[in-house]
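This report concerns only the one structure given below.
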């Protein structure tokens, strides 16, 4: 169960309205790697957690913090929208600033949201639950989390560069710092799990059942061999069980596919010798067969 | 540019049709972490790559391999569908096997696809491009890739457990092995990049501009302190720059939000003292102001 | 900012696993009118609120409660999934119960979620942000909220009827009761706002600017006049400003549309006399004009 | 069955082209609360109606009118697009009006639609059927309809303010007036149904089966008690069955959740004492168990 | 503007309820090639039509008919759902027919729709406006229409085979016949347009501006030359302007791509010699540059 | 299986960056009729093909070529993005060119993609698999393919007109030429199939089972008879089996629909005489019945 306090986790006060920037800032609120994504991802990982308590507790700690980040961004965006113009195009054409705003702001911020934040990304696409990852395997999911915090910090840093508003930058500097922590946190949690179960997900699948002759081979399907010089093609594998190999000219190992003709009642295209000319040699009336 | 050869990378021959399993197998073809996702993700990362050639080449090697994995799965699914029944419900009710199939197969496999594979997941939801990640920052993206191969191998292992068909298992054992390699590969590529630029994404953002007092603090927003015992709350941080701290009772650091009333022409709800009773004290006709 | 406590708002303990029911219960977690929808809707309405404090506070009260409802449902679903079978189709066909489960459960619960709840609806479609409504006009939004609690309680009641598990029913009886309160609450909040501003949304638009001759007329576009007997065609209007009229045979009041031919550089189809035969009378090379 | 006449229900003639405004106007054609939504919602409610004839007839009357509204908006948008420029960026930069248009119009209006209206909203997002509501419970659905007409009239009023084109405003004044009627209509239809069955949806669920001790209590989950002063926390409830109560400090009533470890064949993360180190103590080969 | 009459265009009366079949039948109501798609496609093509009147009139004729087809299918589905069971899983397991229904019906038909038709396809995915095509070029669009009627008739024929209910088959026999007409109709309309403008879309683009040396060459990118025997590689081209050629071994004609490093403020990965080690050689504080 | 070579199929080198044009060009990369659509459509049609080898081979030839087209477009877009400005709004307002760019470019190109191409359309909407068509009936699918190449060439021609950059136009002239070939190719393949099976899809359905009295009648549902003059209402039908008829005043042939009241446990709205007043005459407690 949750409780809410009125203060924000950190200040969210722009120095001045900027509706075009509000549109951009939506990316880290409602985008693929926005705060709604990490909030929902950590909540579901926490609620679905079947491992020991320290993981569930940690997941719900950070999930609860992320709700506060969503709150900060929504509050910031609502204030950035304060300066949205209502003027029509004729008047706007006389004023280059209004003009740029007309072209650049998200029309839904005014028409649909009445100057409120939306749960969408910077192109106006709505957040959806296929963004979140909760697999029941914590090592897999912590890798997802490390990625989410990496993409997230990258996007916030880019948005930091796109404004000079000190109030906006102050808030972003807080989010960037928390993402520094959260990248560190997931690296720590990953090391913790790898040390008890190994580094390949899932660790419990019997490796004898995999086709082991291709488990450590880099295959060169693209002309040129620049890829041969990478660490991924040389030295011991990262699960400590083998040595990387490089196959410069991989060959197919499988069959040439051949599909049976489909059953007549699905009315697909059969090979020519089985095809039926319309109006000739009709099938029996359907349902009779 | 690409060329195609007729053989599959590895065999894709089921021992017998199984339309219900075909529905499940769609997950690793067209799901969030199916082969279409990694194929498209690696292609776009390769084409968008602005770093040195070994990365671009490596990305296009693995991307090209993934097209072949999509091909294997599509071929397998088309064959698994060969046994789909057309019978109607009345007849089906007499035969428990047909019955289970009727209930369990994806109706679009017959009605829409005519017993062909679809680019959808196991719930029939179409693959979409918001699944893929290509940020221009390779360390971020390689973490996305490691996650994708972890989730992917996990799902293929689960599907391996859900069948006893030796032909299907043979193909899956190949995919599982390649995912072992690909997890190893991305771990290698990550180490490679971290060694030249550090482990926090992005490494080029000036850390003096972040709110450094919260960059290494774990905050306990959830009742109970099990989370205190984790590696993430103890010892040196993973970027080698600080020591983790634990804040057992984090306090808000921000303002209580307050939003200005919106402009009248957006017709939102203002505070009570500014509200207007319908039919009384009307605004000027719109457009006059 | 938010805090989390470990106990659930109310018990969420099924008497026994039931993976097929888990799929159905997803509707009120991640469906159009599931708990995620009301949680997100009330959060955004609260954060975007530009009216006096009692509305913002009330919205965040109920929003915070709804996070706890999402938590209860996720917890319940994870437990209902405990009995998911892994067996393949052959074995299943021998056991009618397993068979029904194989056909009826959501395959993603096992393959993707590892027996965890998902943020999807009962057909496996992901929750998305176009479900939520936050317009800046509280009367409009409170009507949306009354609808959401009406659809929500209806769905939970239907789900109550679809199980006999006492543990599940106990939890649902709590959610149904809270939806009784929440319907009452939004009716109260609507009355409160209507009394200060009138009942037509938005109340601030100058009604002289609307085409008032059609503001109170019911138009009969469908053959037959059963619709004439309704309250909507008789007596005084609900905004207290007029009397309903019934137009039994509405006539068009507008023009017959006619569109200009498009510009040549868009290559649409023009009227026949302007069409150009391929390979004859070609346009100037593009870009020259 | 339906018939079409050539005239529009009301005039749809802009005074001049305005492709940027055309983009905005798409919101009330193909947005969440655009005319397509109400057209489809009323059609499906009418076709699915299991109550007496006056409701079905009324629903199909208004549904049929809404098809005409979709027609008017599509016609208007096609004409507003007549002035779309084809010039490229270099030339555009010299002319600030063209420039604003280039930035502000929806590129799909030219590239995909050839200057035709689209069934999308103002951010270019396609209309989808999850917008519509048809539950089989008319009281619930009429509340949805009242909301739809409230959000719809609000958006049309906002769009009215964003143009000074007399032709566009003339058409919008008609739509605003019809939305005045339709809000009145749904209020009438709601009163009609509440008088025969009560105000809580669904009225047929046995209230003894709900957890009645929380059916009339407002819970204060958010710091501060401004919410205590609202009508929703004082006086008799709106279903006439109780008195509102205010719980200033709600306590959890449920268990601390605990989930069982998942089955081994799903390869999730189990508690530490049950975890298996990769390459050691392997499970039996899968499928043997 | 539109009018509605109460009778259906043709009978829609099932002989008995069949909720599992209702789920399948949704495909031709709300699927990619269902009746909603053609209804909306023809309406928008008609409203957006800039060619002479016979095309607009014809498009609105068929569009208006399609609304009636949507009505017939919705009516049929609502009746097929009459037999939906409410029983829970325990009881169901005792009755194999109920069991199949539980597994096979769309849970949203009961929980969300209250036994009403939905605007979704047979996998429960909602209809969306990206299915429809209206390009302003009628020849392109009539080809889209011919395809839609081909896919549509194919799906209805498949659904005909999947039932033996005489009432359902009677209605489908009507839809199949209309699709026969509509395929004929679009073939006629295509011939009509091709005769006045040629067969390549768009006909107005100056072909001198296209890279004509590859305008009539079939390229063999896939191992083997079976494709050489087709009509597409032999004889005169269908626009009457050239002869098909076959390139058995197509070679790349373009550059090896090379992308410039991105600007520093986007924090992407640059080539190694430009990369910056975290904590060393920092950039100037952002915003200073 | 596939192999990649480093050169592009044709040059993709813009003369100068143009981030606004990059946004537009996304349409033919990731839009409904972009290169990803045809690549995936032809791949799946090829892999699912159950007809003779020349079709499968031809499909995989063209599919493999389309991967190269996706590559060219992605490469072009990444280069067009090179000039994206990072400046904030204040500075931008001083510079009209930057301003237009700020308003006109897709913000995700910078924030999310780091100046890389995305798999989205020109409104930022992600590519999804519901765009592709693979039905198992090749005649139906080849009509889909002819449409795709028609819409595709139309869009590329429009984009050609919207730029004067010689490098961009050079690449587009190649794509336009290939689309000329591909339209010719699908016309050839359609003729090929129609000659062996007839022109109505599917040809194998027994036409005696369709309601033949309406198989060749054009129905005039829209006021006015302009549509009577078209080829579709005169002369012999295109399947060579009948003569077109014109029904100037089509009449309904079906019943007036009537739906049974739903079962009580679904809590829908029944006819008035069956409705239950809340709190009176309650049903038995649920689950007892």
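Going in written order, the chains are labelled A, B, C, D, E and F, and every chain counts its residues from 1.
Heads up, the rule we're going with is that a residue touches a chain if its C-beta (ideal position, glycine included) is under 8 Å from a C-beta of that chain, and two chains touch if they have at least 3 such contacts.
Keep in mind that this is a model prediction, so the values were computed, not measured.
Could you label the chain A-chain E interface same or different, taking same to mean over half of its residue numbers are used by both chains?
Same; most numbers are used by both chain A and chain E.
Scan A-E, A-B or A-D for the interface that duplicates C-F, counting it as a duplicate when over half of the contact pairs agree by residue number.
Going through A-E, A-B or A-D one by one, only A-E repeats the C-F interface.
Using Cα averages as centroids, what's the distance between chain D and chain E in whole Å?
Computed value for the inter-centroid distance: 24 Å.
Report the inter-centroid distance (CA atoms only) between chain C and chain D in whole Å.
6
Distance-wise, how many Å sit between the C-alpha centres of chain B and chain D, to the nearest whole number?
27
Considering chain F alone, which of its residues make contact with at least two other chains?
1-9, 32, 47-48, 50, 55, 60-61, 63-64, 68, 75, 78, 86, 96, 99-100, 102-104, 110, 112, 114-115, 120, 123-126, 128, 130, 135-137, 139, 154, 157-158, 160-161, 164, 169, 199-200, 202, 205, 207, 209, 221-222, 224, 239, 252, 254, 257, 259-260, 262, 265-268, 286
Quick check on the complex: what are the chain B residues that touch chain D?
That would be residues 154, 157-158, 160-161, 164, 169, 265-267, 286-287 of chain B.
In the complex, go through chain D and note every residue touching chain F.
Against chain F, the touching part of chain D is residues 1-6, 47-52, 55, 86-93, 96, 99-100, 102-104, 106-108, 110-112, 114, 120, 123-126, 135-139, 193, 196-200, 202-209, 239, 241.
Could you list, by residue number, the parts of chain B that touch chain F in their complex?
Going by the criterion above, the answer is residues 1-5, 7-9, 30, 36, 40, 43-44, 47-48, 50, 60-61, 63-64, 67-68, 70-71, 74-75, 78, 112-120, 126-130, 132, 134-137.
Would you mind writing out the residues of chain C in touch with chain E in their complex?
It is residues 18, 20-21, 23-24, 27, 31-33, 96-97, 99-100, 102-104, 121-125, 154-155, 158-159, 161-165, 221-224, 252, 254, 257, 259-262, 264, 266-272, 275-279, 282-286 of chain C that touch chain E.
In their complex, what parts of chain C are in touch with chain D?
Per the stated touch rule, the residues are 5-13, 32, 53-58, 60-65, 68, 72, 75, 78-79, 82, 84, 86, 110, 114-115, 125, 128, 130-131, 133, 135, 137, 139-140, 143-144, 146-147, 150-151, 153-154, 157, 160, 169-170, 173-174, 176-178, 180-181, 183-189, 191-192, 199-202, 205, 207, 209-222, 224-227, 229-232, 237-239, 244, 250, 252-257, 259-260, 262-263, 265-268.
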